[in-house]
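Heads up, there are several structures right after this.
Presented sequentially are two complexes of subunit A, the first with subunit B as partner and the second with subunit C.
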Partner chain A sequence: MVHTLFVARLTLNALGRDRVLHTLLGVSLVLLCLVPAFSLFSMRQVQELAVTLVLSCHALLLIFLAIFLGSSTLWRDLERRHTSLILGLPLSRSHYLLGRFFGVGLFLLLFSLCYALLAVIAVSVSATFYEADRPVIWMNLLAALGGDLLKAWLLAAVAFLFSTFSTSLFLPLFGTLAIYSAGSASQEVYEYLNSDFSSQISAGVRWLAEIFYWILPNLTLFDLKTQAVYSLPLDIPALIYPFIYGFVYTSLVLWGAEFFLSRRDLV
Partner chain B sequence: MNAIEATGLKKVFRGKKMQRVEALKEVTFSLSKGEVFGFLGPNGAGKSTTIKVLTGQIRASSGEAFLWGQPVSHPSSRQNLGYLPENPSFPDTLTASDYLRFVGKVFSLPQGELQGKITSVLSRLELDTTMKRPIRGFSKGMVQRLGLAQALLADPDLLILDEPMSGLDPLGRALVKDLISELRQKGKTIFFSTHITADVEQVCDRVGIIVGGRLQCVEPVEELLQEGLSGYRIYYRKDGTMCELPAAREDFPREMETLLSQGIEVDRVEPQRRDLETFFLETVERARYEN
Partner chain C sequence: MMKRLFLLVCLIVFYGVITVPASRYLLDRPVALKLGYTPSSEAIKLVVGDQKLLLAESLVIKVLFYFGSLVEKSMNRVDIPPEYYGMFKTLKTAVMLDPYNQDAYYFAQAAFTWEVGHAEDVNKMLIYGMEYRDWDMLLPFFVGFNAAYFLKDYEMAAIYTRRAAEISGSDLLTNLTARYFYEANHDQMGIAFLKQREENTKDQGMKSLYRLRRESLEAAQALQRSLERFVEKFGHQPEKIDRLVEEGMISHLPDDPYGGEFYLDSHGKVRSTSNFSFTRGADAVQDGQ
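After this line comes the complex of A and B, so read on.
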């Protein structure tokens, strides 16, 4: 298991030196500085708009990072044959895979933490412009950021899975993007199909949709934005369920990735 | 226990459109502790494929292989192995010392000794000044040296090196040859692939020649050179001028005797042999003809 940590550290070390990521971090810093200014466009709901902006930016950046890093990390190792060096060491493929994943996951976590800190400042500044009906519940804001992080981890795992059997970057990149879109919509589609409006839809389609609903990740679960924006009370099960779901789903996907990687010829 | 044990290795690559490439047809050999083995073969013969099977990178379609008695599918078979892949490529945003630190940890080298080992292996490969530079800026030869450095770091008893001299200048080649001789002296087992027969002649105990995925022969280098000995050329001085006299192997003692009895001063004697290169070319020719 310590091997996993060594690989994770190596991954984090390399990501820390990546210029693309430096640029991205700079961009997010600029965006956050702009939040208080932008939130003034709303006359009365300054604080609500600030929270919305902060959360949307976070979700967007994190999902971009998850898909980009998730797709490119393994793919680059396999494509540039870093694997022949790394896996020529007394290191098992599953430890390597988990290590790479934890490295990316940890990077996303660090990014999220830095972002959260700046987000709290940005929202606090905005909130002073106009007094809101309800004060910000900081726990809710953090929970919403955490939900995004869980979603990002899951998507990174999906991207890892795709890269274990693909030889091009195309599949992991667009495959994960497709899963992301489908996973964000699956709850709505499921609810629609189970409502009265859809009585004419054939049983076959319904059945197919049901299967997809259970296979695809249900990303709506991780969306805790409404509670954060309007400072609504958040109950504990609402937090625990996405957490467990995310953990189990991500583990299963990684297990699949390990299955494919262990059978792949590293040529 | 043998350092390497390979029996009946076969490997079929399946490409797109159902193409089949039989990269290995039959490879069986073993390497005992302390041996230096040169693995010769023309381009595309299956040297790298054999090495990738031995290091667990690819799975043989059939046959089995062991390092120090452990099946190669298991990571612990590589616990006492230093491996240099063909044209190594490093995660290039890292520095040489970052990467070596990682390698040392995977081999569970004690934290206290790690920095010392890194410094000494880098200086052995004449890379000490580049320790803190990102690998991205390394030249081809520097990357190759770093590849050797990571293989040597944990001081393993077995080294598998895929073309260790490739990309190196004459100085680098000499360095690697020195290094191999030094390791041989220390009792390390070394298996390396190459195209260059002279390298094998100088440092190897045994040579294996692979052609078209089939291991054609495994011979002790010394014996090959002895067998290949066809005769001698005797250089002597007569009336101040240098003369030479070719002598067949069996005639040599008699010729020498005659010269010496005439009181002639013999300058030097050079063995005439069919060298490894000729043997190699003959083997490749024969293998190709048989197919």
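After this line comes the complex of A and C, so read on.
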């Protein structure tokens, strides 16, 4: 555990010095400053548009960060042969992998916390422009941001998994992007296949789609934006399922990553 | 150095030369190109992931901007017929992506009922929205208004205005509901609704107003029943409402609590000169009716 935390701290320090990430943080700050102005484009739902913009920017930035950091962190070590140095340390491969992942995860968490603070200010300012039907439920907003964070952790884990057996950066990058796209659409496809409209689809295609549905991560579960934007009641299962599902799925993916990394020739 | 500077100046000039006509070309694009083609909501849902709300709002804003630019042009006496079909289709896609989107419903009500006369399509969209925005009194109010004003469907108007009245607790809507029920020949429903509101309100002034409206409807209902008995017995409408008393269908003509006098309109419906409102009654008195 000490070794894992040590690697996580090193990873976090390295990410904190990354100029690309500084730029990205600057971009997110500019976007948040523009939210009150953009929210005025709406006719009657200024506050709702502000929350939508805040959550959409957060989700997009986190997905970018998760895929970019998840793909490059491990791959860079393998590519630059840093791992051969690590092998000489009293550190197991699983500790190294988990340390790297926790470092990235912690960075995403810190980014989300800073963003959440600024998002609350941006939404509060926008809400003063036009009185909404329903006031913002801040807990819903935080839950939606949390849902995006859980999703980003899961995607980062998927990128780590691809990095453990790929020799190129393309597979972790585009593979994770593909998983993100498929995971976002899987619930819609599943619901369509279970509706009356899909009667003409062959049984084979249905069967295949159903297998993918159960194997791919169901990212719809993490989407709590509607409840946050329109201040709808958020029930307990809507909060608990993403948390448990995200934890279990991410753990499974990391187990797979550890499995492949432990069998990879690092010398 | 001079060469580089010359190149820079040339590039800036070329930029100026190309950017102005390019911008003009974009401004003068055909309507269909400006509004663009929006794929079906089912297809969009598969690719946008968790950005459905943002996309829905951007579609609505696109329609708002497009319509706004046409309004601006028409104010400057440049008449371009709006592409209503494309606008409505875009809004429908937006509400399928985000059924809570308030802007889409409000704009549909504003642009597609008065101007184009698509009250029926708008009502379908609004009824769909009511399943989601169940706290919003304006959606059922719009449906009720469209039904009464454009479609002359008073039964539908009464049902949805009642819903709006229940959500908002508005006294004005309560009275309007009762009136729609009366127009739809559902006096009993109107009376029952007013009774229920009368019992549930604490404000004594409002209680009196509901009672007044209920009593006027009850009086009109009693006259309508006696009128039906008259038609049943004689096979035709009476020439004047007084015939109902003369033929013993009713003991006396009831008073209209709003101060008007009951009469029969050309369709054989019991009406009052007050039109069941103090304002109209006062106008009628002033006009010497």
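Following the convention adopted for this analysis, the second predicted complex is superposed on the first by the 266 of 267 C-alpha atoms of A that agree within 3 Å, B and C clash if a C-alpha of one lies under 4 Å from a C-alpha of the other, contacts with A are read in each partner's own complex, and residues count from 1 in each chain.
Heads up, the rule we're going with is that contacts are C-beta pairs under 8 Å (C-beta built on N, C-alpha and C of every residue); 3 or more make two chains touch, one makes a residue touch a chain.
Not measured: the values here are computed from a predicted model.
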A:His3 contacts which: subunit B (first), subunit C (second), both, neither?
-> first
Going by the contact rule set out at the top, does A:Arg44 touch subunit B (first), subunit C (second), both, or neither?
second
Exercise. Check whether A:Leu239 is in contact with subunit B, with subunit C, with both or with neither, and answer first, second, both or neither.
Key: neither
Check whether A:Thr226 is in contact with subunit B, with subunit C, with both or with neither, and answer first, second, both or neither. second
| said: By the touch definition at the top of the document, which applies to A:Leu109: first (subunit B), second (subunit C), both, or neither? | reply: neither
* Touching partner for A:Thr52 - first (subunit B), second (subunit C), both, neither -> second
Worksheet item: In the superposed arrangement, does A:Ser92 touch subunit B (first), subunit C (second), both or neither?
Response: first
**Request:** Determine, under the contact definition given at the top, whether A:Leu193 touches first (subunit B), second (subunit C), both, or neither.
**Result:** neither
Let me test your reading of the model: by the given contact rule, A:Ala14 touches which partner, first (subunit B), second (subunit C), both or neither? first
Subunit A partner, complex, touching residues on subunit C are 42, 45-51, 53-54, 57, 60-61, 64, 98, 100-103, 106-107, 135-136
As the complex stands, subunit A meets subunit B at residues 2-3, 6-7, 9-10, 13-14, 17-18, 77, 80-85, 87-92, 263, 265-267
In the complex, the residues of subunit A that touch subunit C are 41-45, 48-49, 52-53, 55-56, 59-60, 133-134, 148, 180-181, 184-185, 188-189, 192, 219-220, 222-223, 225-226, 229-230, 232
Within the complex, subunit A is touched by subunit B residues 13, 52, 55-59, 75-79, 81, 83, 85, 87-91, 93-94, 98-99, 102-103, 105-107, 134, 147, 150
